[in-house]
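We just call them A, B, C and D in the order they show up, numbering each chain from 1.
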Amino acid sequence: MPASYAYLGPEGTFTEVALRTLPETATRELVPYVSVQSALDAVRTGEAEAAFVPIENSVEGGITTTLDELVAGQPLMIYREVLLSITFALLVRPGTKLSDIKTVTAHPAAQPQVRNWLKAHLPDVAWESAASNADGARLVQEGRYDAAFAGEFAAARYGLEVLEADIHDAENAQTRFVLVGRPARPAAPTGADKTSVVLWQRDDHPGGLRDLLGEFATRGVNLMLLQSRPTGAGIGNYCFCIDAEGHISDRRVADALMGLKRSCLQVRYLGSYPRAEVEVSDVDALRPGTSDEAFVAAADWVARCQDGRF
Amino acid sequence: MPASYAYLGPEGTFTEVALRTLPETATRELVPYVSVQSALDAVRTGEAEAAFVPIENSVEGGITTTLDELVAGQPLMIYREVLLSITFALLVRPGTKLSDIKTVTAHPAAQPQVRNWLKAHLPDVAWESAASNADGARLVQEGRYDAAFAGEFAAARYGLEVLEADIHDAENAQTRFVLVGRPARPAAPTGADKTSVVLWQRDDHPGGLRDLLGEFATRGVNLMLLQSRPTGAGIGNYCFCIDAEGHISDRRVADALMGLKRSCLQVRYLGSYPRAEVEVSDVDALRPGTSDEAFVAAADWVARCQDGRF
Amino acid sequence: MPASYAYLGPEGTFTEVALRTLPETATRELVPYVSVQSALDAVRTGEAEAAFVPIENSVEGGITTTLDELVAGQPLMIYREVLLSITFALLVRPGTKLSDIKTVTAHPAAQPQVRNWLKAHLPDVAWESAASNADGARLVQEGRYDAAFAGEFAAARYGLEVLEADIHDAENAQTRFVLVGRPARPAAPTGADKTSVVLWQRDDHPGGLRDLLGEFATRGVNLMLLQSRPTGAGIGNYCFCIDAEGHISDRRVADALMGLKRSCLQVRYLGSYPRAEVEVSDVDALRPGTSDEAFVAAADWVARCQDGRF
Amino acid sequence: MPASYAYLGPEGTFTEVALRTLPETATRELVPYVSVQSALDAVRTGEAEAAFVPIENSVEGGITTTLDELVAGQPLMIYREVLLSITFALLVRPGTKLSDIKTVTAHPAAQPQVRNWLKAHLPDVAWESAASNADGARLVQEGRYDAAFAGEFAAARYGLEVLEADIHDAENAQTRFVLVGRPARPAAPTGADKTSVVLWQRDDHPGGLRDLLGEFATRGVNLMLLQSRPTGAGIGNYCFCIDAEGHISDRRVADALMGLKRSCLQVRYLGSYPRAEVEVSDVDALRPGTSDEAFVAAADWVARCQDGRF
């Protein structure tokens, strides 16, 4: 029995398409789950080796369901990320014309990406939310709605026709997905990595968050994402999901994490993993004094000072 | 014809309950709209004097639809905020027993607040999303679903029975609503105010966001909310919605805003308005040198230095 | 009777040479004083229009006597600065040979600049301190010592011979002098100016001084000198003499001074005046958002926000 | 032959009095040297085990001769410090009356401490600088001057009379002395220690020095002294002599030093040693997250994250 990867289903969604870009899926059973929560729970219980879920998109920002699942409960770790460009197709039962469409469906996350197209081409249509874009396609197949927004690849699976392809409001609409597993040794550094953590502030004085961000800045570590999420302790209480450039085996990242661990009420490490999209310029631009060599030399120097040999 | 306030409808939602706590609603016509976007558009077009929409809750954090509407498009301003404690009731048609319930519905935002209750009491029930909690109640009335999570006040309106009241997962679940209008002079300061802005960073170096937050910290201005939102320029590009303590007529806040205006690519002012919930300790704790008097004295001193009179 | 400039005498010192580079000295009476203190007191009492004294040199750093006089007592202001390259000549009575020299004299400040030369050429000579380099020359003339280190220009005045010229340990040994007067409107900005202040910290927490320096950094104002001086309140209590790039009429400098005035226990403004030595690169490199235009635009924007017009 | 301690002579100065407060002097030969430079050179050459020299006083601030010797040349280390309250006596040959005094002498460093007394009691006296206060007393003994300012203890040694005791301008005039040796393992931490370093900045941007001080502040390390000294690379080029609270074996201090080593062009470690004067409040007030335990726990946590065990 092969190890299985859970993913946010159903089959035929963008999530599945993104997951299949990972070479290791060739040797895994891919199992769709009805929700991010259930996919991640499958990992926590050991039912699945890993789960593949969306975590950020260029229209909605951080996917809060996924972030909240990673922030709370039994710790999990991110091992891979995949970036996928998202464009929608309008799928209909064969023979349906644009003027025939009275109802459309899709996952609510699709709405901001097709909003302008709808206004321009189907201003009077009724929108119904579906549990997923693929499920919307299924409901069209069953005749419940007239049209569905989904990935073009879903047409074949549900016997539908592509009435219009390449629909997207935002230029370069992309979704970022992550492969999440139980805590283990992070993937080896590749030279273009990313580290994810969750921070809970110790107290709330002017400059509190600034000082936490200073732990990164002092070590020349760039931030790639900062997303606040409620702590559950009442309105206005937030923790911060942060993606930083670099790998925990990079000394500057490890040093920043140590500083955060001391300064914060709590830090949750979510993993270090290869960056899906790398601009070489970002990777090269290491601030003077923040290379591994600089850290090793500094630690060595302090040790020699402590011994009086310098 | 009285001026009208648009609000996120339909009637019978928490939004309406919160809106009615504002005294000025006595002399306004309150008009429900189907979405945050349409309510705010009614303000932009002049159809409504103001719109009342949720902006943050203690379970989901910032309401992204509302934030995104405020961040983009024709500028709007926040004039008031209302905090409402949220608990759900399980509404059924009269005579329905817990064991009869096979399907439940509610707005997706309700889900995280009733998730645990469902697991404990109705583990096998099917969840269907509704456009709003009130709409869910209506669908139960029509017999489409067996039960709806909604505010207890919705029972009477839809001829339903309260099978269970006071359901909420998070302690102190609260939603914050704002009254939004076209730009005009902000409300007068009350001594316990809040200022909202949106910041777009000029560039993205280590410490970029830290330096922006430093504009607040340097003037002793506390942050109450920091929520990143995508700029639409592609994944990883964010602006920051920030709520800070104090009123734009407070010198320390005005000075911080000037610093941000200079340092940022763009700043959008979203208003200064009375804080709905005030802890006196926060209001009193002004850092030395950040009172209006200190600012006036410092400006006066510099002017005297420039004149050589000191 | 022409207005007089007091200067640190006696005649024939580097101070006089530097002073005479100022065009306005052509129409002033130049009066030597025996000490920095007495020269500055002459300004305070109105006996002199201004005083010309050394304030910094490349070997000794800040001249503490001058700094302490500016820090305490009745306020004075700096209006001009002059940079002079310092090289010493070894002056002897005519006929004296190097091997004849058993005693040398000079002002103590000359010692570090001739130390290495002495070690190499006159290792066994006895050093005697003189009240000034010119006074040392006079004492050699009188036969009290065998040789004096002084400016080459002093030889003629005291009937001495230059045995060796161009003696200086440090490359580019320079002294900076300032013209000090009673408080009045600062000189008009030239585009390459310097502003001097003295800061007393409000309290002494980790990061106290860092935060004060942050008032400059936040506005993109470069520091050119930071010299701590005892406050007189006991060992370990210091104030800070700071030279910053720019003129108090530059908005970024005025804004930094306002921030300091609020944050510090005390700030003493010592003037804004043309920089004696300008590297064009420094002057051009204004950080984005710190020009006068950026400040004016930001203040205007905040005013418009306060009025609801934006 | 016992090991010897060099000190800034001659005998009978405050330096000798301070040195004799160290218990270990009972078993050392104490050898006066004519200058700070020669005393420190005696350590560098191995002629003396250690040297005892003044480094800071409450009137003049940092003693630049001493600092410059520690900043440059072959590295030395500070092992102890002594604080001595300084008051002067006016010493005269037996029988001399105040009205007889036409000339007074002392080391130039004494001048600011007796300036006001002189103005009040001997306004017309001529001041002559002596190489040391003890040497001044000797010159009075020899009849060269009428009176000398020196420590009261010098009267007996030079056969002089105390005409006036307890002369000092500044309240709590104190001098701090240090015992300097060749580099070796620092003294064991006592819980109330001080660490001295010299920093050379890598570059000179707005905020450069602020960022260096941030290395201390980030770790909650208080600064006790910051004294700029010329680097010798021309006017306006400074390095910074810094005393910080804590011992290099304290994790927060070691971590700050590592950060400085990476960020600075150069760092010179000058030692960690017991603080001469301790206010218990300073010692106790450790910022949360900066104890040794917090550092160890943070390093351990990062190691566990790197292994995936958390």
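The rule is short, and it goes like this: a residue touches a chain if its C-beta (ideal position, glycine included) is under 8 Å from a C-beta of that chain, and two chains touch if they have at least 3 such contacts.
Bear in mind that the values here come from a model prediction, so they are computed numbers and not experimental data.
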item	value
Third chains touching both subunit C and subunit B	none
Same vs different contact residues, subunit A with subunit B, by half of numbers used	same
Mean-CA-position distance for subunit B and subunit A (Å)	25
Distance between chain centroids, defined by C-alpha means - subunit A, subunit C (Å)	59
Per-residue multi-chain contacts in subunit C, two or more chains	214
Complex interface listing, subunit B residues touching subunit A	56-62, 64, 68, 83, 108, 112, 129, 131, 170-172, 174-176, 204-207, 209-210, 213-214, 216-217, 220-230, 232, 234-238, 287
Complex contacts: residues of subunit A adjacent to subunit D	75, 77, 183-186, 202, 211, 214-215, 218, 248-249, 254, 257-259, 261-263, 267, 269, 288-290, 294-295, 297-299, 301-302, 305-310
